[in-house]
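The structure appears right after this line, and notes come after that.
Read from first to last, the chains carry the letters A, B, C, D, E and F; within each, the first residue is number 1.
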């Protein structure tokens, strides 16, 4: 097994959904339950759909390690411009859980000023700063 | 020196521009000259501005290795939706030069379907496929 | 008259503005007055411009029924990514007034995750959920 | 069965993928095979992922009829601004196959000038016009 | 009359459409006819709608001179990211007709790299360069 | 010196950073210090990078006067759609400091409804109205 593999050794998943759940268990174990509680009343099966598609079909793939995948997601959500602040915040947490360092996440956010423009980067800088402050306050 | 450092050991650059040129020398040595020839007639100093800002001020920073920075750029350009195809193509080449594998780049592009939508990902998939085909044809 | 016609039988409007006002009367009778009170001090004629252009020149056209037009607007505002939350909220109300069911609106929002990405869809899901909760609280 | 149901009577699908394939069979029977031939070499399982997620998990849902879903997709792709021209073209064909009339599609495209701006609408108008001309030339 | 006024002295227009036509006569006299010939078959009244709304309701307003309005439009189309290239090209021509100098337009395009990102600016730089080359070739 | 020149007569700057600081001194003297205090802990050199790139490399250029540059920035931030509200607010202040009248800024915002869509324009209208109200309350 190399660092490019997002499945534990000898894992064999019966479905994309099952594989997605294994990934989510590593970075945010309560995610599916939290999504289901919030959304499944009005949007039946949404939590399952998200886990199956995003994590079971994409993050679960071989060829790119989970940490780099999460850094890439932070990059994309930053470049998209601040309109997806809540999702950026969650994915910063996922990236830390996947092994990224705060410094790496701050750097990738700042770099996005070249591609999404400076306002997009600044919006994401603010979100990261607030998250890290809150994390530090909780553990203080 | 760790993999997080984008400067060679004991390098000391007098300016961001000089530092940017050192980065560009690693991933695309002819970039500044090509930009200057194309743009500096109508946009004086543009090539220098781009190298100073993007590479000297951002890619040159410590805290994230160059390969991961280039993967993040591919992620952002994909999520932005296909309108920046030429820049995606150039940055795929830069990412390969920075040590990324094709497989890693294809994976990060596909993953962006979660964040920028499937059409954005498909546009980027097409650009990567065409680039790799052309590269293979050249070396065949 | 088929369901594709957005004008009452034998209506003949002297101007696009007049036609737009007839449409607005069906889905949000106080809209122009509310816009004028809020904006016309600093943006003279804005309310009239919006009614004339959006409703008189576009929604008023034959060829697509008003309910489907409003569902299409909800789709577009969702895909654009959450930055237009207030307008999405208003247009969800207009869509209900034009005969759309809540279920239809929730479905079209969720579907947009394919085109605008999952963060865009989730932002819109949140807005719709909040609106419907408030509506239910008011009528409770 | 009402028009809101996207499943044939008494259908019971074992999986989202199977359900997605049933939808695709109605609007573009060769889609999965064409995607697989084009993309699965470099992006293994992409065709299956798209059919499972977009069609099996979203278009397949009850609560909104397939024709309105396709009109909503045309609206979104138009509002996103012309960067997703190829996907707009394919989805115009899907919308026609799902029962939408050309006039309805032209109307929804034009309406998007309110939400995505006039340039976005004009780009989509051009794509629809070209598609319809080509269709007419083929059947002439 | 100051430079902030977009109406000739003592002009009194009966309608926004008439006022829009007077503006268009100054920057692109054949615009409405060209739009009508291209689009009015499939999109009845589109040319008239565009002239009434964009020029009669917005560009026609007092408070900002026409040249600055056109420079602002070039800025916006650049920042939106290259997906509206054809519209950028037309509006560069309109800006020149409204009195802007090439140098001013090149500068505003380059400046947009701060707000829309460098790829967006570079796409617009390419479009402006091509337009000016073609103009020079025609007059050579 | 014409109005197109953004440098005082006989100015000679040793670096882009120095030139950027001279521009910032005219429109927002405390900007770099405020940015440094807020961001330089987590994002070392960010304040300097922004002043060097945005103001020293772009706003500082000849060929377009500072007031028109700031109006163009307001146009771009409006068209980008409301996701960059805080940056729009700051740049409205910069535009006023560069000599733009409120009326001009309101007009350019409204005009953007053609290019970025009406929701984008309305979001920016709201931000400008709130800023001007707060300014008036402070000076009352």
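Quick notes
The working rule: contacts are C-beta pairs under 8 Å (C-beta built on N, C-alpha and C of every residue); 3 or more make two chains touch, one makes a residue touch a chain.
These figures come from a predicted structure and were not determined experimentally.
Between the contact lists of subunit A and subunit F, the overlap consists of B, C, D, E.
Here the chain-to-chain distance from subunit C to subunit F, counted in touching steps, is 1. Of all residue numbers used at the contact between subunit B and subunit D, under half are used by both chains, marking a mostly different-residue interface.
Chain pair with the larger contact count among B-E and C-E is B-E, by C-beta pairs in contact.
The greatest centre-to-centre distance from subunit C, using averaged C-alpha positions, is reached by B.
Matching CA atoms, the turn from subunit A to subunit D amounts to 180°, rounded to the nearest 5.
One of C-F, D-F or A-F repeats the interface of B-C: more than half of the contact pairs, counted by residue number, are shared by D-F. Using CA-based centroids throughout, the chain positioned farthest away from subunit E is A.
Annotation: 42 Å between the Cα-based centres of subunit A and subunit E. Computed centre separation for the pair subunit E/subunit F is 23 angstrom, with centres defined by C-alpha atoms. For this pair, subunit D with subunit E, the centres built from the Cα atoms lie 33 Å apart. The multi-chain contact residues of subunit C, meaning those touching 2 or more other chains, are 53-54, 58, 61, 77, 79-84, 87, 106, 110, 113-120.
Chain-to-chain contact here is organised exhaustively, every possible pair of chains being in touch. Looking at the complex, you find that subunit C touches subunit A at residues 81-83, 106, 110, 117-120, 122-123, 125, 128-129, 132.
Residues of subunit C touching subunit F in their complex: 39, 42-43, 46, 50, 54, 77, 80-84, 86-87. On subunit D, the positions that touch subunit A within their shared complex are 15-16, 45, 49, 52-53, 57-58, 61.
Of all residues in subunit C, those touching subunit B in their complex are 79, 113-120. Interface residues of subunit B, counted against subunit A in their complex, comprise 4, 53-54, 58-59, 61, 63-64, 68-69, 71-80, 84, 87, 103-104, 106-108, 110-116.
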